[in-house]
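Have a look at these structures, which come just after this line.
Both of the next two complexes hold chain A, though its partner changes from chain B to chain C.
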Partner chain A sequence: MTVKIEVIAGGIPHTKIMVAGIIASLVCLYLSYLNVVTNTEMFSFFGGLAVIVALVWGSNTIKVLCSYGIGTGVPSAGMIAFGSGVIAMLLATKFGVAAPIVALVLAAVVGLILGYLSNEVLNMKIPAMVQSLTELAVVGAFTLMGFAVLMTGGFTFAALTTGTVTILGLSLPSFQATFMGGCLIAVAFMLGALAIQHPFNACLGPGWTQDRMLMLAAECGFLSMFVAAIMSFALITAGSALISLIIALVGWGYTYMQYIEFSKRDAASWLDAKPIPDVEGQ
Partner chain B sequence: MENIVFGIGIAALTGALATVAGAAEDTESNIGSQGDPNSQVQLAPQMGFLHRIFNKAVAGEPPAYGLWCALGAGLAWAFMAMQINAVLAIVLGSVIAVFVQGVYATTAYLGRTASLKKFGQPVYVDILKSMTTVTMAHAFVAIFCTVTLCYLMNAALGHPFPLPLLGLLWGIALGAAGSAVGNPYYGKERQYQNQKFGAGVPISASGNIVRYAEAGERNSLDNGFFTAKLGGPASGVCFGLIVFLELWRTILFEKIGAGWGAIIVGVLMILVFTIIDRYIEVWARKTYGPYAKPEEASS
Partner chain C sequence: MSAVAAKPTAGGAMNPTAMAVGVVLLLVILGICWRVSPGLGLMALIGMVVGGVLIGFGTHFVPVGGAPAAMGQAPGIATGVAMLAAGAGLAGLFGGAWAADQGLVVAVVTGAVGGGLMMAITCMMVNFIYVFGMGIPAASGKVLNDPITGDSQKEFKSQGTEGHGLPFVSFVGGVIGGILAGGGGTLIYLMILDVYKATLPTMMKATEAQIMPIAISAAGIFAVGIFLVNAVLTAYNITGTIEGPHDPKFKRWPRAIVASAVASALCGLAAILIVVM
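Then we have the complex of A and B:
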């Protein structure tokens, strides 16, 4: 029924990106565990780096999936990635230090079930569907966990649900001022869901190039990390949040300039206040 | 009684804010050519119609505004948690959310246009500079009003949801209202002005959008100027009514039957609107339709 309309031509093979993505996000998530080891919150920025790596991998997965003629489904692919990922991520946070590994396994199971349902029950019959939905669920879980680490400094359930409110100099425990209680997870969900679909959605077309799309994915990641770092000022120490903020700003500036360079390279022409050019056959 | 009067006052205020937000949202998305008319703007160069229209396809309007408003609300929540005054917190949150919106808009335009190299569509730097700033200004109004109405619901009416979640929900509702009400006006009445009224878009006319003005060439600012007259306010009234009626029924009827009163009134309201919609549709078909056959129309 479905016809493959375009294939990936050139660029880094998807398997390579996937393996690198899994390993790098896991390593980044575990490096943030240095927070517990050294009893600080200085290493929270590793959560943001995990987000960026996962988003770069996820945007390439969306390219693979949406090459099968799912043009208008690009934003919804981002939504299903995070919808399935959030279940796995929340459950995994109960497993303490094993949380990233458990999130990987649980998300893969959720993704497999969803892929099976859409291909066999809904009869979509898209060859890349099962693998892509599995990957997207893992990407969603890793991204949400990365945002949680970036904003709270930890990926355990306790870190996400316990906070303190200072009233008249007194520190009181409060569920309201947390990642879960303040529903910052909703913001993380939307930040990730738009950042994962935007690179392919913005770069699709006959002149698609992989390096430009992946650079845009990194740009979206750093931009999301920037705003998440601002929100983290409410939950972690100012110094630690400042480290994340500076890393995010520098990374965003670099990737944004690079993306503009790539767009200049790929565009038909780069005009400033010029009329519509004449084309043949008009 | 005083409680109810206070509640209705807040409901009226949020309804007014929502009306402004809806109008600004629709104008913003039309200048950026977001939503479903975007497909024709995207298609035009492929059919040989190069244009100077801004092509800012971030996502559909509901998810995009879900993010902008959730982000604005989340940042405002964080600033309030840092003991910053609520008004300042909402303004700062909206400003940063608008910054994100602007960056997304530029990358979307550059990416989409660069991928159309094969068809010779140039990237216009002046379009990028002038349109992005205008969409950012409109988006700020929309986000600020939406986050403020969420804050009023949370702080004044005691809504149990935290601010970021309310921002997400009402942001999606805002995008949906602007998309459903405003886009037909932008897509059919503006981009397809050079087709016969009500003719639909035949395949031969695909991508043949309005590109030239009375003098010179059109850009998206003209589209915003055109749709701000009717499409924007209509979207505003739609979103304003949604917010106002939702709060009105909750405040007045929540106490009846342990909350069931508000639910029953909600269902009744849906029925009333369905009847009104059906009546208008039948009336419009009788008055303006059926469409004349081509030979009669050409005579």
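Then we have the complex of A and C:
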């Protein structure tokens, strides 16, 4: 038996993942604008894809930051990502079509100041701190905006706050049945925060490999997308929500199988323990 | 860069230049707020800064043990700073939000009691598990005698550990931390809610009753966001574990005050800009 090394220690360089993450998330968020162009809600699933791209990028950023042993646990990085991201994202929704780009800029500014505070005022002195917190704030903002698109079909302030309720066939405007009014944003917040902090927390250690961690990030993303797609039935048409649901299910199935494959590859040995067998004749 | 090669060099030292930059940044943000919304907005932002500072200061009281505490090798509650602060503060925030109609003082006190109660229950159950589940006594590793009860700690401390369990002073610290963080979180929520209740009806051309779900939800999520940012910044200040108010690391609190004030002002400004722009 020969030992085959498939991935070098570093894997894909972080800068490459970051640039790809920013561009792919922005493109996915803007592709959801096809909803407005074609006057349907069919393209809401692009929001979910933006979430997954952002989460994959974010989990690699967390790896870069937490390699320094910040002493506060990996989940804290996920919490500050979404705490700063939600603030930038909500303010950005006010800017209409420009919202995703404004979210990128605003989140970067918020993250930059938080990074400066932690590194200089709190005296952390970690080289990757400022850049990582900046990236994480952008990841948080993109993820929440992606969830908003997935559930409502739009990323403008009006789309997130005004909806309709149908009572006895009569369609009434309502602020309650919306992403903001129904506080679905709180669920989106936690879905994203759990998905971003889990991959590195689960894969860290001497046997860490980048492709396995990123595949787990994509798997967590699709799982979150699945839950968000179920909630989107309340706000967008059933057909559009079904498209998101099917994409999430297929994506989750594929990434889960791949993750198991990578885990088998990286494991020292693998025992496929079967479920408890039925004992016949008793 | 490996985890072993690059340990954080954070110490107890203060960086005077950075502190000054922080204070200037705070004044600039307050100035911007004064320009865009001189009355209501500025008062709300000052309230949010006070709330953020309370969270940042309060978190230093909470005995955080982290992974070593789970193995009985360090005193404190066996989880991270961010998780504990979020637990205590959000419990307080939700408690305070429930009493939002009864006025500022009642709501903030309710939030503080909620946060303190949450920490008191957590600390008690943690000690139950330490004493009856893991079979270890409570002993501090940082002081010889408990500052409150005067009980000697050295005889109960196992060799090779930094202490274990949850000594009385840590318990009291946890409750004080919960009270400060819960009150601070509620103050932030109430301030944002006041601004939104006053401005959203004209902005969205609807009655106050109609916009209430939006106002409450947006104020809630902003308060949670600001809370988590403050809690994590404080966690970075502590870098890992702290035993409570008697721990030497407690003396680092001035740094956290500046950082929390700037971070809360920054996030609060975004929350106000969304309705006045």
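Throughout what follows, the second predicted complex is superposed on the first by the 261 of 282 C-alpha atoms of A that agree within 3 Å, B and C clash if a C-alpha of one lies under 4 Å from a C-alpha of the other, contacts with A are read in each partner's own complex, and residues count from 1 in each chain.
Everything below uses one rule, namely that a contact is a pair of C-beta atoms (placed from the backbone, for glycine too) under 8 Å apart; a residue touches a chain by one contact, two chains touch by 3 or more.
Since we're looking at a predicted model, the values are computed, not measured.
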Exercise. Which of the two partners, first being chain B and second being chain C, lies in contact with A:Gly73: first, second, both, or neither?
Worked result: second
For this session: Using the touch definition from the top, say if A:Asp266 reaches chain B (first), chain C (second), both or neither.
Result: first
For this session: Scan A:Ala141 for contacts with chain B and chain C and give back first, second, both or neither.
Result: neither
Exercise. In the superposed arrangement, which partner chain does A:Ala88 touch: chain B (first), chain C (second), both, or neither?
Worked result: second
Problem set entry | Partner chain in contact with A:Leu223 - chain B first, chain C second, else both or neither | first
Seminar exercise, completed: Per residue count on chain A, the busier partner among chain B and chain C is B
Exercise. Does chain B (first) or chain C (second) touch A:Gly182, or do both, or does neither?
Worked result: both
Exercise. Who does A:Leu29 touch here: chain B (first), chain C (second), both, or neither?
Worked result: neither
Exercise. Can A:Phe233 be said to touch chain B (first), chain C (second), both, or neither?
Worked result: first
Exercise. Should A:Gln197 be classified as contacting the first partner (chain B), the second (chain C), both, or neither?
Worked result: first
Seminar exercise, completed: Overlap of the chain B and chain C interfaces on chain A comprises residues 75, 79, 176, 181-183, 186, 189
For this session: Please name which positions on chain C make contact with chain A in the complex.
Result: 1-3, 6-11, 13-15, 17-19, 21-22, 25, 66, 80-83, 86, 204, 206, 210-211, 213-214, 216-218, 220-222, 224-229, 231-233, 235-240, 255-256, 258-259, 262-263, 266-267, 270-271, 273-274, 277
Problem set entry | In the complex, chain A residues that touch chain B | 75, 78-79, 165, 176-177, 181-184, 186-187, 189-191, 193-194, 197-199, 201-208, 212-213, 216, 219-220, 223, 227, 230-235, 256, 259-260, 262-264, 266-277, 279, 281-282
Seminar exercise, completed: Listed in rising order, the residues of chain B that touch chain A in the complex are 48, 50-52, 57-60, 63-64, 66-67, 70-71, 73-75, 77-79, 81-82, 96-97, 100, 103-104, 107-108, 110-126, 161-165, 167-168, 211, 217
Problem set entry | chain A residues within the chain C interface of the complex | 67-73, 75-77, 79-80, 82-84, 86-88, 90-91, 94, 106, 110, 113-114, 116-118, 120-127, 157, 161-162, 175-176, 178, 180-183, 185-186, 189
